[in-house]
Each structure stands twice: as structure tokens, then as C-alpha cells.
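The letters A, B, C and D name the chains in turn, as written, and every chain counts its residues from 1.
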């Protein structure tokens, strides 16, 4: 079993787990956990193709992963700030109860 | 670095002696190659651990004696000759104390937290260059490894606080984390200045570039004075030392996140704190005080690791001195000082270092960079001193 | 190759734990473990700079941030059985399984891996980053400062008198 | 060496807050103070406030009082000054003194306490017994090393344990003891004088009575002869 295939299965299962978390969790913060997992799965793919894929001198994979890590950190920060504001207004982070727009 | 032509007994290679002895013995016994290298590495790691465990024991005694001397008293002198066995006594006390785990505690995390506090400190100690020949792990990304591992302590502090179940540790943990996070920022920014000037992340390389006399050290540069001072203050905050020792402020919240620990786990916390102190002070010496470089060029005879440990002793003595003098900061003063005063100054050192570097590092660059750095420093100090310093209170009855 | 075989099940276990755990703080801590093992995976693959950055940023900052917000919103103690209730699980699985199937099929058709390990020279990485990708780095810098100030403003306790 | 606070150098009075000082200098002044302490603690002897307890003992202050003790004159425990009048037993606020008067076989009081117990775990060292004792028999002790390992019997001091000689009292509290001695001597003389006067008066009565007696038989002899 070549390592590239192994890594791709790993990242796809991780992506699926992240998606499952996002879909089934009620607590907003744990949805962020799911998003982090999905982002990490994508990063694994980049590094797997950089390491085992066709050689490229431009190091596109690692550079892309650097940007993705920075943006994931920024996204987590803003997401949590928004969740804190929502919690301060509605006293809950349970997404099912945040349904004032349902009309 | 071929091992055969280096004399075995030269003082410079003294710390490497056990490692090379074991490798030589195993090689003679015909052990496989990977076993020799692994055992050599294990022995190298254990020498570092042995050195810093004895340093930890000694420091706990020296700290109490220096604090005592600063308060006109003598300090522990009962256990052994001049109190030299006091660490042994403390160790026995810690080991024999009952290890109570609160009922509401999450057992696994409660056990894991002290381990995860000592682990990063020891990992960080492995990366610092102690002598010209003695760098336990000469990583090419030494500094990044140091900060990556160092930032793990926040998670273990949280685990310690949350797993103890009760509110005090949780509050202590939150205060400790917010302090460590907000002081890690200026720490990394000032270290970035050094990386920018020396152009590499590997610590032995940074020390190599500070060779020659002490005027080559990073601290003797216009931006280096400011960056060094900021880094020094951040090391005090990062190691939770005196003016910033809010997390385990005895008078406020019992013992912060360490409240529900007793016996050996409590000793592990202190070992983690002290080893972390050695690691971060070692990094300060490496980045700004020229690591194992001799202060004057002519001192070739003295083994280089003596210079490193001499400087480390001086820096740690200054921590003790500061602990004997300054009161503890409140959480809001601490936060305001970090965000409104330290981070702007730390950000300022980066352009200063760049200008200094690209103006040829000569006296001209000194004249340009020094005012660029000192003027905002005094401005920030004067402006913030008004809002930072507590207002002078007027007492109605007590004579103020 | 051997290290990958050891590490990948561990990463998956930690990720599964992060998804499945009832208590939110356990899930967050297991996420931190999954991210740390992920960093070790990068180191095992030779991308040491990326591994250390991942460790510093994710385990050092993001995991602490998530756990901190769990504390602040006082969700850390309520157990949340949602992950186990079939009413939520079935639609979730219905969506994820086809995605998983597609990914696994493509993963199996991938060509043989080339075995020579490319290096990650730090200086070259720095040059590339700040020459060809300079605009992208500046954009990310602006984004991060905006996020720093924005998040601080969002989370600030709005005193009753000012907006 | 009296460990009062006089030997630490008098702190300079804090300057008026108005005087502007470059921020940050205050830090170094603080460091200078502790630095001076650190350096001088090695050679400046009267700075050091530490008393190595078991070897050296800090002298107790004059009116330090701990649990009471009974005074006896001379050197044997029998001539205790205490006459078991148990005024102190009645006056003691926590009632921790227990006295039993010694009586001889036919019930006559011997003006000596057979049992004199003080429960030290109850006594609060208030010194009221020493104040109310009319016979200067009980005073407050200065001994503080009274640790025992048994909580009940060990803390119930009996007569033998409480009794201490008058010169111990003189050594413990010289001026109070000398005052007591002087007062007792004065009373002795007054009593002796009174006794002498009484004796003289008694003798005088005796003679007058005898004289009267001699005179009376003379009348009877005169009458029936």
C-alpha cells in the first residue's frame, strides 16, 4: 500500500469526521472543532502530495499549508468572538435555540 | 564532527564525556549501529537532566537563602551544613505526603496535567546550546521548536485547573492562561528581532554570530537593549515569577491551578516551573547575552559552558533579587501592561533592528536607531505611567 | 512508511474522540491531541517547519482559544448527548458517507508515490514566500491584524454607557 | 541584643507625591534597598534579627506572663506562702484552679493546700489570681516551653509542679519580687511589733490580774480569820 494512498484515506476519513461533527453537534464551539478537523484534513493532503507526489521546487504545498494555518487561526478567533457575543445576548450557544430569524 | 580526533578528557568536552564513553563501550562490544546512537542520545539527554535537576534542587535552596538575606534574616541553615540538605528534606516531604485526588476531579486529566507541564520544560532544555561542543539537540529550527513546545504549557495549565473540579483552580487557570498568552506575544516578537538580524532560527548559529568580545552580543546594540529588556520582562511573566506571579498568588486564590494537588504531583508542578525558568532564562542568555561566548576575546582556556552557566546564574540571581523587592501586580495592571505597553514597544524593535542592520551596523546606525527607539520608550513610559501607576490615595484618617 | 502506519490510526482515534465525546471539554482536548498528532505526522513526513508551526499555532493557540471559550460560555459541564441521538446521527451520516465514498475512491486511484524525499530548505522557503508570494503574505498580515482588532472589539464587555 | 525594630535603618519619609521623577527610577531605588540588605547582612551584625532558637533564646519582656506559679520561702516546698484560702479559686474567670485545704486528724485546718491543681489547658494567663492573692503566694510565670504529648494529665499542673522558690521569683521579675519582699518584711515588723505590743499588754493584764488575785485572797484570809 503506497504511503500516498494511506495518507489520502487518512485525510478523507478525517474530513468525513469533521463534517459529521459540524452536522451533528448542537454546541456552536464544537462545530468550530469540526471545522478545524476539516481544515487539518486538507493540510494533510497538501503535505502528502508535496512529500510523495511529483517533485516540485516551488514548495507550493508547504507554502499553501502555512497560509491555510494562518487563516484557520484567524477564522477560529473571529468565530469564537462572534459566539461569545451571541452567548452574551442569548445566554446560550445551543444553535437550535438561536432561531429568531425563522419567521 | 568526527569523534576520534577529539581528546576524551579535555575540559571543553567534559559534558559530552558520558555520552562518548557509552558510545565507545557499546561500539567495542559490537552493538548494532542504531543501538549505539540511541543509547548515546539517551545518555546525552540524561546528562542534561542530571545537570538541571541538581540546579533545580540548588536553586530552591539558594532562592530561599537570598530572599532571607534581602529581609535581614539568614534562611534555612538547619538541614545539613548551612542548609545544604534542605532540598533533600523538601523532596522527602513532598514524596511522603499523601496524594489526595478530589472526588469531582477527572482522574486521567488530573494525573496528566503535571506531566504535561514538566514535559515541555525538559524538551525546551534540549535545544539550548550550552557550550561550543555541547548542544544536546542542534536543531536547525531550534527557536521555533522552543516556542512551539513552550506554548503547550498553557494547555496543561488549563487541564490542571479544569480537571480539579472546583472553582478556585478554574479561576486560577484562566488567569494563568490569559497572562501567559498575552506575554508570549512580546516574547516572540522580540525574539523575531534577533532572528531577523542573525538570519537563522538555529540557536547554535545565533550564538556563533555573537562571537568576539561582549560588544558583539545582541544586547549591546541599540535595538538589542530595548528588545533584551522586553524579553527579560517577558521571561519573568512567562515563568510566572514574582511581579507577575498572579496564577499561584497565595493570598488571592489559594494556589491557583495547583490547589487540588499534593504530594509528588505538587512537586512536579514546581519542577516544571523551575525547569521552565531555566529554559526561558537560558534562551534569554542565548539570544541576547551571547550564549557561551566569552565576554573578552582572549579567554580561550576557560571551557565555554562555564560562561553559559555563569551568565545563567547571574540572570537567575536577578530574578531572585526582583522577587525580593517588587509586590505582585493586579490582573488588570498586568494585562494593560502587556497589551498597551509591551507589545507596541516590542513591535518597535523590529524596524529598529532592520534599520540598524541595513545601515551597516556602524556608529552611524547607532545614532539613527537609538533616538528612534528611546524617544517612544520614554513617551510610552511617561504616558502610561500616569494611567498604570495606582492613583496616590488620600487617607482621611491614617496619615498617608 | 512505518511511522505513518502507526500515526494515522492514532490521529483518526483522536479525531473520532473529538467528534463523539459527550462532554465538550473532553472533545476540545481530544481535538488538541489530534492536532498535535497531526503535527507529528508532518514531522514524520519531513516537513519539519510546517510541523512546528502547526504545533505552535494550533496546539498552542487555537486549542487553548476553543477551550477558553468553552469555559467562558459555561458549557464545559453540560454533557451533550446529541452525537449519539439517532435523530441527529442518521441525517449526518447520510451526508458524510457519500462524501467519504467519493474521497476514498479517488484515494485508491492515486499513482505510485515517488520515493525521494524533497527537502524543505528554510532560506529558500523564506525567499519564495517574500518574493513570489509577497502580496499574499501582506494580505494575510492585514487579515490577521483586522481579526486581532475585530475579535477584541467583539468580545469586549460593552459597558452600558458606550455603544 | 534586643530584637526591636530600631536596628533596621529608619526608612526615609516618602517624598511628597508632587515631585516628578523619571518613571522607572523607583524600581531601582527598591532594588537598591534590598541589595543593601543583602550585602550588609553578611557583615553588619546588628542588622540580623534571626535568633537561633534552641541555642540562643531571646530574653522575654518584663511583664510577659504565662501560667501562674506558687511561691515558697526558703528552699523546701513545705513553707508555701499559700494558705489555701481559695480566693483565687473563686476569682479565676475560667475556674481552672482546684484547692483542697489540708486538715489534721481532728479536722483543724493546717493553713496549707493539700491539693493545688491548675488546669493549664483552661488557664488564660489573665493574672487575676496573682492580683487578688492577699498572701503574695501566686505569681505569673515566664516559662513558655510547656509542650507535653498527653493532652489531659500532662496539662493538669499539681502543687509540686507549680511551686517555685522566692529567689526564682526574684530572678524572673526583680522589681516585682523585691517590692513583695520589702512589703512582706514591713508587714513582718508591723506584725512583730503588734505581737510584741500584744504580748506586752497580755503580760500587763496577767500581772494586774495576778495582783488582783493576790489582793483578793488577802481579803478572804482577813475575813475568816
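Brief remarks on what is shown
The definition used in the following text is that a residue touches a chain if its C-beta (ideal position, glycine included) is under 8 Å from a C-beta of that chain, and two chains touch if they have at least 3 such contacts.
Remember, predicted model here, so these are calculated numbers, not experimental data.
At the centre of the protein atoms shown, by the Cα-centroid criterion, sits B. When the C-beta pairs in contact are tallied for B-D and for A-C, the bigger tally goes to A-C. Separating the centre of chain B from that of chain D, both taken as means of CA atoms, is a distance of 60 Å. As a whole-number value, the distance joining the C-alpha centres of chain A and chain B reads 34 Å. For this pair, chain A with chain C, the centres built from the Cα atoms lie 5 Å apart. Chain B and chain C, compared by their mean Cα positions, are separated by 29 Å. In chain A, no residue reaches two or more other chains under the touch definition.
In chain D, there is no position where the chain touches two or more neighbouring chains simultaneously. Because contacts link the chains only in sequence, without closing, their graph is best described as a line. Those residues of chain C lying in contact with chain B across their complex are 25, 29, 32, 39, 48-49, 52-53, 55-56, 59-61, 63-64, 67-68, 71, 76, 122.
By the touch rule above, chain B contacts chain D in their complex via residues 66, 69-74, 321-322, 324-326, 381-382, 385, 389, 392. By the touch criterion stated above, chain D contacts chain B in their complex at residues 8, 17, 23-24, 27, 30-31, 33-35, 37-38, 41-42, 47-50. For chain A in complex with chain C, the residues that touch the partner chain are 2-21, 23-27, 29-30, 32-34, 36-37, 40, 43-44, 47-48, 50-56, 58-59, 61-63, 65-67, 69-74, 76-78, 80-85, 87, 93. Chain B meets chain C in the complex at residues 109, 140-141, 144-145, 147-152, 154-155, 158-159, 162, 170, 174, 177, 181, 184, 200-201.
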